[in-house]
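I've put the structures underneath this note.
The two complexes that follow have chain A in common; it is paired with chain B in the first and with chain C in the second.
For the complex of A and B:
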C-alpha cells in the first residue's frame, strides 16, 4: 500500500531525460569516430539554464509567495514575512528536538544529516575522540566543549591534532555558539555588522579556550598562533601581545594569520600614527625573519591599519606602495582590500580623490567570491563614494554593473547594507538624470521588489518632482507612499500637498480627479487614525487649507465644507492657519453655490485667525450675493462693514 | 511515574477547588482535561463588542505592471500551475449553462490542465543555445539510417528522474530496455525458429524487432548487464542443437512443408518421376502449402482445385 502510493506519486514526477544509446559498434568498412563525452558536473545543466534568466522586476524575491496578497510591498512587510517563515522553520526545529524519537524515518538517500535529530551530549554519553572530531567539523562549539569535558573526566587521551583543532574552534568562536547556518533570513536581516564595527573587548577571560591552552604541556607554535588570533579577534589585545612576546622568546614561528591579527589591532597599542606604523613594521620584520610568507589577509590587515591613520598624503602613498609590493609578491587584492583603499582615500573631510575610477578599471567585469569579511563592505562604500564624495553618475552605474555581474550580488552583505547601497544609488541617479529617465529606468524597475525607498529618499524624489513640476508622476508616487506605510509622515504629506496646490491640474482632466482623490485620501487617513495611537499625526491649518484648495479646484463643494467645518470647530486645537488664498477660494465657491451661511462661517474663521483681509472677503460676499438681514447682521458683527 | 505525579497534582487542585469554588470558577483553567462549565443561558457580556470588519482593498496584480516587451521567460521560468496574477492574458476556461466561460481568477479548470507557458519558442531556442556547450557533434560518416542500424544494432533505453524530494533515487530509473532487429543476428531458418520460440511475444513481426525489458534487479547497471546476458544466452541457445531437437518429426512441425510430406511421395508415385520433372508441380505444391498453412477457405480450396486440374492436365473449369 505504502510502496504503491510512493510509486504512483513518482509516476507523476517529470521524467527528466531519456538516454538512448546504440551499442555494438562494429567497424566494417569505414571508421566512425564518436566524439568523447564533454565532462559536466551534476548541476552544470541547471546552471546553464539559469544563465538564460534575468531578474523579473515585477516579481518579489523567490522566498516570498508569488501572490498579490502575499507579496511584501514595504520594508517592514518584507522583513516580517521572511522572519515569519524563518520562525516557522525554528518551530519545526524545536518540535524535532523535543520529540527526536518521532523523526527516525530515513526517507532520504543518500542520508542528509540535517534531516535527522541532533545528537545530544551530556555527562553520561559514551563519546570517543571521533565524536569530538565530528562536532568540530560541524562547528558545534558547545557540543565540543561538553565532549571534551567528558573525555577529560574519563581520562581518555586526545591526540594533539584534535586538541589543536578544538583550540582553534574555540578561539575562532570565542567559546560561544554561532547562529545556525540554516537561518539565512535571520542573518540577512540582523544588523550585526553595525555592532561588529564597535571595537571593544569581548574575549571572555579565563574561558575554555584558555583552559585548554594552559592544559597543553609545552604548547606548540600552532597553539600560540591560535590563542593569539582568538584574543586579537575579540580585542583582548594586551594578553595577545604578551603571548606574542612569550612565543618570540621561546623562538616559535607563528603562522601568518597570527601576525595578521596583531597588525589588525595595532591601533590599540600605539596612539601616534608614526609609532603605530613603526610597530607594524616591527611585526613585518619579525615575519620576514621567521620566513613567514605574507598572504591576502596580511595585505588587508595592513590596509586596514593604514585606513585608521588619518588623512595625510604620506599614508596614501604608503597604501599604494603596500598594494604594489603585494602585487609583486603575487597577491591580488580582493574587494575588501579595495574597500580599505576607498576609506583611506575618500574621507569625508579630505580632498576629493578619483581613486574609485582607477579601482573600477582594474576590477570591472570580473566575478568575485568572498575572501575576506570586509568584501561585503565594498559595494556599499563604493556607491557612497560615487554619490557623496564624487557625485559621479557614470561611476555609480559602473559600480552597479559590477554588482550585477555573475554572482557578485552575493557580496552585497545584508539587508541593511543593501538598502543603504540603493539609497545612495537612487540619490545619485535622481540628482543627475531627468525625472523621466529616473522614473522609467530606475523607479519603475526597482520599486518595490528590489528596493523600497525610505521616507528620506521618497522626500528627495518628491522634491525633484516639485522642482520640475512633473505632476504626472504624483499619483503613482502617492499610491506607493500609501503602500509603503509612509502616508502618515508629515513632511511627505506637506510636499505632496504643496505640489498639488502649486501646480493646478487642468480643469476636468483625469489628473484633476486624481489630485482630488489624493487630497481626500490624505484627509481621511489622518482623520481616521486610531484614537489610542501614540504619535498621532494631527492636522495643521496649512494642511487642511491645501486639501480644501485641491478639493475646491476639482469642484466638490460639499467635501470642502466638511473641511471648513473642521477648521472652524477646532480652531483652538489645529496648529497654524491655512493660507488666505484657500479661504478666499472657499468664499468664491460659496458665492458660486449661493450659500452665504457657509461663507460667513469662513469669514468668521478668517477674522478669528487674524487675517486683515477678512474685510475684503466680506465685501466680496456682499457684492456678489444679496444678503438678507440675518446674514448682514452676522457679517457686520464680524467685521466693520462700512461699505454700505 | 509522571502520571502519578499528575494525579497527585489533580487531587490537590480538586481540594483547593472545593474551598474556593466560587472564585475558582472564573479563574483560568490550567487543567486541560477538566470540563468547562456548561452555560445554557448564553451570556452576551462574555463577548466583547464586535470590532468592525476591516475591508481588504483589492490589490493590483503583477500583470498590471508588466511591460509589453518584457522577457516572459524570466517571469515564468519553470513549469508551475496556472496563476492568474502572473499571466497577463485574458484567458477563459470552463463551461457554464448560460454566458461566457469563467475568467482566469479562481478558475480551477485553468489550474488543472498542464500548461506550457515555460516553453515558449524563444525560451526553447535560448535554452538550446545554453545547452549546446554540453553537446558533441554527430559523427560525420554516420549519415543515414541504414548505416546506423548496421553499425549500431542495439538500442538501449533507460530514464533518469529529477524531482524535489529528500531522496535522489527513483525505483523507475532501474528499468532498462534493449531493442534490436532480429535480422542483425544472422540466424538460419532452424535457429530463427528456435529464437522465436525462446523470445515469444517480445518479437514484433511487423518491424522485425526484439524488445527486452529488464527490471528485476535493483540497479540500472545490474539490469543492463542482465539484458546483455539475456541477449548472449538467447543467441547461443538458438545456435545450440539439443539431442532431442533431432527427434522432431512431421507432427511437431509448426508449418506444412510439401517436400517432407506424403503428398510428394504420392505424386511421384503417380507420375513415376521425381517431382522436379513433373510439369506444373510447383503450382500444385504452392497451392497445397497455402491450403494447409492458411486453412480451408474458398480461395485456397479453389486454388487447390485449379492446381490439381493443371497437374493432371484436365480442362480447367473456368475455360
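For the complex of A and C:
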C-alpha cells in the first residue's frame, strides 16, 4: 500500500490518465488479511510432509532393509524377517536385563526412561505409593501386584484413588502382563483376533483383582464398575451379573462402560432372542433411571448384541432404529459400529442387502482413528461383503479407496486380516475385469510387496488364465509361483501344465522356449526334492506326459527321452498314466529322429499301461521306419503285429 | 619450547639464561598413516577406500564419520570420537567377518546411522536378527535412535579396487 502511494505521488503528472489511475486504485483498495495463527505441534511439519507420501508398491515395506538380498519375497519370508529382527531386539533387552548395572550411565538429556534398565521389584525393595502409581501408569501389571503386596505386608496405607486405579488395571488386564507395546511385529503377526473371537471364560477366579475388591471395606460404585467390566470382558458372566444386582440393591450408579460390558455379554444370559432383547432393554432402562449418558461403546455393544440375534427383519429394523436414536443423541457411529451393521445385514444365508453402498456414502472420504477394537474388522468385512455377498466391483473399489485415504490404513488390523482383505479384493477384481486389466492394474502393482497371493488365490488366477487362454502371462505367474515357494503344490502344477498343453505356443517363438523352460523347471524341482522330506510331491503319469508334450513341442528330444525313461522305469510307482496323445507325439518324434529303440520302449510302456491303441503306434513306427530284425522281434513281442 | 616456558614462569632463572634449541637436520616428512605398503607379490587387496590416501578425502573419497562436533561451537567432540570407536569395535565384533568395507557413522540431530557393505555369507534371517540386536543395544547404550543402513555384496571380490 505504501509503495503504491509513493509511486502515485511521483507520477502525479500521469495520474489523470484513466488507465493508470484505475490500475493503482485497485491496488489501494486491496486489503491484506493476515490469517489467524494456527497453533502447531512440534511434529506437525513432519506429519504434513508424511501426508504427501504414498505407499510405494515397487518397494518392500519400510520395516525391511532396502537391499535385494534382505528384501522378503514370500509370505513366509516376510514373517520370518520381521520376527527375526524383533527377536534380535528382544535379545538386546535380555542383555540389558541380565547386566543392569552396566547400563546406568546417562547420555541423554532429558533422561528417557526407556533407555535405562527396568526397575526390578522384589520383597525387599523399598517402595512407596508413588512407585505403585508409576507402574500403574506404565501398565506394568506384575510389578503393580508385587508393590501392592509389599505395601500391604509393611502396613503402608494406600489412598483410595490409587487402590481404585490398581483395581482397574488388574481388571482390564485380567491380572496378567500383556505383550510389551514395543513389540509391534509380534502384535502384527500374532493373529490375536482369531483367538479373541473365541468366547470362553478366561477370567481367573479368585485372582488378585478379586482379592483387592474384597479388601476394600466399602466398595464404591467405581469399584463395582471396574470389577463388573473386568469379569464381563473375560466372560465370567454369572459373577458379573451377580455383582451388578448387588450394586443395584445398594443403589449405586455404575458408569456407562459397566452397563456396556453387560450388554455385550447378554447372549450368555438369555438364549432366546426376545428374552435377550428384553434383558438388554432392562439394562438400558436402569441406565436411564440412573441418568447415565450412553456413549459410543453403548451403541457398539447394542449393535453387537443385535448382530447375534439371527436374521429376521425385525432385528434389522431395530438396528436402524438404534443408529437413528444414537444419532439424535449426538453420537456418531465409528467404523466398528458399521462393521456390526454389516454383519447384521449381510449374513451368509440371508437375503442380499445393499447396505454397504449406503454406509459408504456416509463415510466416504473421511479419515478415521481407532475408537473401538472392532474398528479393525470393518475393512476386511466390507471387502468380504463386496465380494462374496454382492460381487460388486464398484463397491470393492470404493472400499479400497477409503482404506487408502489418510491414515485409514492403520485400521486394517493385523497381518492376517490384511491378507484376507487382499484375498477378497483380488478375487473380486479377477472375476469382474478382463485378465489384462487385472494383471496390469492390480497384479503387477501389488504383488509381491503389498500382497503375496496365497496358493488358493494363485489357483484362481491360473484358472482365469486357463479359461481365457491368456498364455502370455504364464511365464510371469510361474516365476512368481517359484519365488513364493508354491512350486511344489500339485494343484498349481497341474493347472500350469494343462494350460501349456491345451494352448500350444507357436513353433520357435519366444513363448515356446519359455514354456519349455517352465516344463523342465517343474520336472527338475520335483525330481530333485530332498528324499527325507515328509510331504514329498511325487510325479503322476499325467504330469510327466504333459511335461513331455511341452518339451517335445519345443523340440528337445533328448530331454523328452529322459522323461520317457522315468515313465517306463518306475511304471509301478508312478500313479496314473499319461494321456495317449503324449505317447503318440513321442513316437512321432522318434520317427523324426530315426530312433526306433526309444520308440519301442514307448510302445512297450503303452502296451503295459493297457492302451489298446498301442498297436496303431507300432504300425505307425513300422510304416515310417525300416526296422531291422531285432527291432521287429521286439515289436512283435509287445504287440500282435499281424499288420505286416 | 618447554625450556622457554619453564624459564618464563621461573623468574629467578630468566635472568641468568635464555636457551633456544634449534633443529639443524632437515625434517623427514614421511607420512604413513592411512597408507598401505606394496607387498612383494603385489597380491594385497585394497578397497577403493583403502586405495586412496588420506589427502584424497573430500576429493576422491569421503569421511568415515560424519558429524558436526568438530566445527566451531560443536558439542561433545571427544565423546563423539570415543563413541564412534566403540561403535566400530562393536560392529566388527557383532557382525563377525561380515563387513567388507569401512563402517561409516553418520550423525544427524540425535540419530546415528551406521552404514557399510556386508557379504552375504550369513542367511538373511540371521542378518535381520543382528540388525534388530545391534540397533536396539546400541540405542540403549548411546541412548539415542540408532539405525543400520547395510548393503550386501554377493562376493567379497566385488569390493576390491586393486591389488598392491
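Note that the second predicted complex is superposed on the first by the 605 of 644 C-alpha atoms of A that agree within 3 Å, B and C clash if a C-alpha of one lies under 4 Å from a C-alpha of the other, contacts with A are read in each partner's own complex, and residues count from 1 in each chain.
Rule of thumb we're sticking to: a residue touches a chain if its C-beta (ideal position, glycine included) is under 8 Å from a C-beta of that chain, and two chains touch if they have at least 3 such contacts.
These numbers come from a predicted model, not from an experiment.
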item: First (chain B), second (chain C), both or neither touched by A:115; value: both
item: Partner chain(s) touched by A:103 [first = chain B, second = chain C, both, neither]; value: second
item: Partner, of chain C and chain B, that touches more residues belonging to chain A; value: B
item: Partner chain(s) touched by A:81 [first = chain B, second = chain C, both, neither]; value: second
item: First, second, both or neither for A:313, with chain B first and chain C second; value: neither
item: First (chain B), second (chain C), both or neither touched by A:130; value: neither
item: Partner chain(s) touched by A:200 [first = chain B, second = chain C, both, neither]; value: neither
item: Touched partner set for A:45, first chain B, second chain C, both or neither; value: first
item: Which of chain B and chain C A:65 touches, first, second, both or neither; value: second
item: Which of chain B and chain C A:91 touches, first, second, both or neither; value: second
item: On chain A, the residue positions that both chain B and chain C contact, one per complex; value: 67-69, 107-108, 112, 115
item: Complex contacts: residues of chain B adjacent to chain A; value: 59-62, 65-66, 70-71, 73-75, 77, 79, 83, 85-86, 123, 126-127, 129-131, 133-137, 139-142, 148, 150-163, 165-172
item: Chain B-touching residues of chain A, taken from the complex the two chains share; value: 7, 10-11, 13-28, 30-38, 40, 44-45, 48-49, 51-59, 66-69, 71, 107-110, 112, 115, 444
item: Sites on chain A touched by chain C in the complex; value: 65, 67-70, 77, 80-82, 84-93, 95-96, 103, 106-108, 112, 115
item: Contacting residues of chain C [partner chain A, same complex]; value: 120, 124-137, 139-144, 148, 150-152, 154
